[in-house]
Amino acid sequence: MLAVNHVTKKYGTFTALEDITIEFHSGVYGLLAPNGSGKTTLIKMLATLLFPTSGEILWEGMDIIKLGERYREVIGYLPQEFGYYKHQSPRQFLHYLAALKGIDRAVARRKVPELLELVSLGDVIDTKMRKFSGGMVQRVGIAQAMLNDPRILILDEPTAGLDPKERVRFRNLISELSRDRIVILSTHIVSDIETIANRVIMFKDRKLFCNDSPANICRTLSGNVYETWEIESVTVPYFPLTQRQENGRTLVRFVCESGCPESARPGEPTLEDVFLYVYRDQVM
Amino acid sequence: MRIVLHEMRKIWNLKIVLVLTLLCALYYSIFLRFYIEYFPGGHSKTEEVEYGIELIKRYGPTLEEDEYAEFVRETREKLKAEMEAHIRSNPVFAAAGIYSFEDYERVHAKYDRTEAEEKAVWTLLREEGDFVRFKLQALEFIEERYHDYTEFTLPRLMSEAANGWEKDRFAAIKENEEYRNIMVWWVYDNTLDYALRLAVLAVLAVLALVSPLVVSDRARKVHLLQYSAKEGRRILRKQLVAVLLSAFLLTTLLLAVFGAIYGTNGTWPFWNSGLTSFLNHITFWFDITYGQYVLLYVGFLYVLCLGAAALAFVLSRFSRNLVTLILKLIPLFTVLVAICHLVFINPFGFENALYIMTGVPGMEPVVCGLVFIAGVASALWLIRREKRRT
Amino acid sequence: MFIYWLELRKLLSSAAAWGFLAVCLLFNLFIIGNSGNGYADYIGAVSKETGVVLGESFRDRLSFLTTDGGREAQYLEWLKLETHGVTDVFEGYETGYIGERYIAAAGATGYFAQAMRDKYAALQKVVDGKAKRDESLSLYFAGATYARHQLLFKSLTGWLTTEGALIAALVALLSAGYEQICQTGDVVYSTRKGRRIMLPKLAASLTAGLGAYAILALLTLALYFGMNEYGEVWRSNVSSLFNYRVDWIAGARPFVTWHSFSVLTYLLAVLGVGAGGVLCFSLMAFGIGMWVRNSYIAFLLFLAANAAMVAVPGLMPQTWTAGMAVRYFSMLTSVWLWLKHALWFTDGDMDILWAHFETLGLGVSLAALTAFCVLAGIRFGKRDLT
């Protein structure tokens, strides 16, 4: 179990995260929050790149800073801006990272092509990465995160640069992997986690806002989400969520807490609805 | 202009400016301070410079025969009186059997002095005697040089002239009596050494300040945003302008600060004195004054620094990161330091290395100009090239 | 070990570093090319027949030498003249005066004055030993000795150390800042090896720096000895009566080394200390590179740190004991060792208080800079990597 206990992160007088307490067990955890809300700060603390100002992060009861390499041995991390050596091929780069991850050379020689095949880069295993598209680079990033078969997989905005087909494949892959490991997926793309996350963690005002299953989170807006083609006729206070254009008409989805307006029909709340509604006050 | 100012703000990065300020202060301490603290540097240099200034104050930048005679006569009398006053008042002289100026001079000229004589002689060579014997030594030096120049020095130089140009120049010096200029060697030499080292500092500072601009933009992929904006690849032109303006500003700043410090040496009286002088050791191709030399130096330095900045701009474009940029800057800096030595040591003088190497006078502005042209031309080529480049 | 090799490969694949090495070699070639000395080459050639120990047998072999006239005849004449009637310069040579002049010029007092006197008392013993062994009766390059010695041991090896130090420093900064430059820090520092990768990076930097120095020295000296005839002069003693040193205070005096060095062993010793100096600058740059994220500013700070070590002693008032202490102890820093490279293995000058100052200084500098790197490493391990 990975436990974040009352972790606060401050930079001088600025507080990035305040008193965060979360426990991670097996499964997929989606960190869902707007940019600048502290997701990446928490991720980097889990990856030992930043240190908490107060509080502690424990892996199986022991402080991860004290554990040092024994902790880093069990994590796989894909950063938000994944850097790489342009002059190297994915094979070379993964071998380098395998060495840093303490993976035996013989094992690496077998695993590297397997992983690159898994992320559909088997054909370009020896091509210099300066020729890769953004999506291909991202897939190299995903492959390196899984090199050491980590017990904790930390992915920061992993689907950036992936096309819809790749995104679906990625979701399926994560689902499979999460069976007996902790997967922490930080994103603001709701569709990435809505179907695969066991729990969704949201931050607001630097603090933990909720840590629950997607269904329970959606239920918080149960009975308050509506859709209408005639938004002009809605006279009660409402908060617009999303819009869709069809045949010259606009279907508006909105939240209304004072009962169902006449021209509207109720809708099933989605995670995106909750996201937009919860963060409606924040200037993004 | 707004874009140029933005680019200049990037160039004048606070951290780099602070470290550069520290480097300049340390450079001053190691290489320049000596020429301020130890100017004119001992005796009788101090006295020669003082007499040089006095001569200029009394007679202007040139010394005619009658003025010279008057000065020597008056000064000699004054010094003799001063020395005799010391001799009368201080018992150390009587102890050595010195009762008059003539006695002193006789003992001074001896090789084997007794202890008492040694003590007496040194009394007038030290502060307690107002260094008066050094004053006399300086006066004698001026006398020797004034007459020797026309009787021995100029004829020897004319006979050793390497070519027709030199012969003609010596003939002109003789005809126009340019040797009457009052320009003490120690002043010229000190200014020269300080100027050379300041030039090296200016080149170093300019390279250090302006070089990172293009590399940093490319490293952060900002150039993609720049090229795809309305301004497009014209940004490079503006960046070049920013680089050149920054180089100009920095050179001005350095000249102002270190020039002001040099001003405390008090060499301003020599401003209108021609450098070709009976008191100087270098012959110059034209009747250049100390002030003109300073102005020419400033001009050359600007041209050199602007050229250096443009070359650094080009190198920055072809460097993948800041470390590889430095690896390219070091050889460039070395070459520019060599050029500084060639241009700024005895510029327009017969002893200038460029003249000695090429046999052609006046190569100093050519070399500076070439650096500038090479820099700006390669920068313009780069800007043109970038228009088509993916 | 594998990670060390991977880190080293990163540095070896830097085209700019190789290019810089090539430019340094060209520069050294320029120095060598401008330093031809026909007389010295002649002596190098004939030394194979005459040997290098001056004495009767040398004179006899010299007298049997013939030439084809022209310049060689002149060289032979000069050589005969210069080696005729030479005597051991160390016989009866007193070194005490040197120490007294240095003490007076520096205004040294107390411990420092005594240390200076002790140094020259020790040197006297060395000089007496050299006198017994007639060490100064060594040919070296006769009248061309000073020029040749200065060319090799002041100019060429000086430039080699400078170039080696610069490459080593820049390669160290490249290594320390590599992940920052490539933006791979997040991935690399969160692996099992994590921030401890700095250790193999440091090892790779030191290897690359030393390697660059070795390659440069090998190629430069190969060129130099290819173009300048040394013959048997290799076996000459560097304390030959023809070799000397000059400074403002003590004047001209024999070139006395603490140990007995032939030209060859002196060269090897100088290269060894040079390599030690390169290591020092590499350590310094790497430590600064760990401390400061921006490699460019790190390099400027590296220059400033070295400049400060040169400037500060001169700014301290010499009337204070602290001022004198700073001045004398700063001679043990890597930058002052580099500045005094022409005096390695000798008694040094008025700024040097101790015998074997180059070895002492190297030890002190390496220890201090290693400690600095360790501190920088600890700080790197504890700081946020945003």
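Read from first to last, the chains carry the letters A, B and C; within each, the first residue is number 1.
We take it that a contact is a pair of C-beta atoms (placed from the backbone, for glycine too) under 8 Å apart; a residue touches a chain by one contact, two chains touch by 3 or more.
Every value quoted in this text rests on a predicted model; they were computed, and no experiment measured them.
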item	value
Most central chain, judged by mean C-alpha position against the global CA mean	C
Distance-maximising chain from subunit A - centres being C-alpha averages	B
Distance from the mean Cα position of subunit C to that of subunit B, given in whole angstrom	32
Intercentroid distance (Cα basis), subunit C paired with subunit A, Å	57
Mean-CA-position distance for subunit B and subunit A (Å)	65
Subunit B-touching residues of subunit C, taken from the complex the two chains share	14, 16-17, 19-20, 23, 27, 166, 170, 173-174, 177, 181, 294-297, 299-301, 303-304, 307-308, 310-311, 314-315
List of subunit A residues in touch with subunit C within their complex	44, 47-51, 68-69, 72-73, 75, 77-79, 81-87, 96-97, 99-102, 105, 141, 144, 148
Interface residues, subunit C side, partner subunit A - complex	2-3, 6, 13, 179, 182-194, 196-197, 382, 384-386
Residue numbers on subunit B that touch subunit C, as the complex places them	15-16, 19-20, 22-23, 26-27, 29-30, 208, 212, 219, 319-328, 330-331, 334
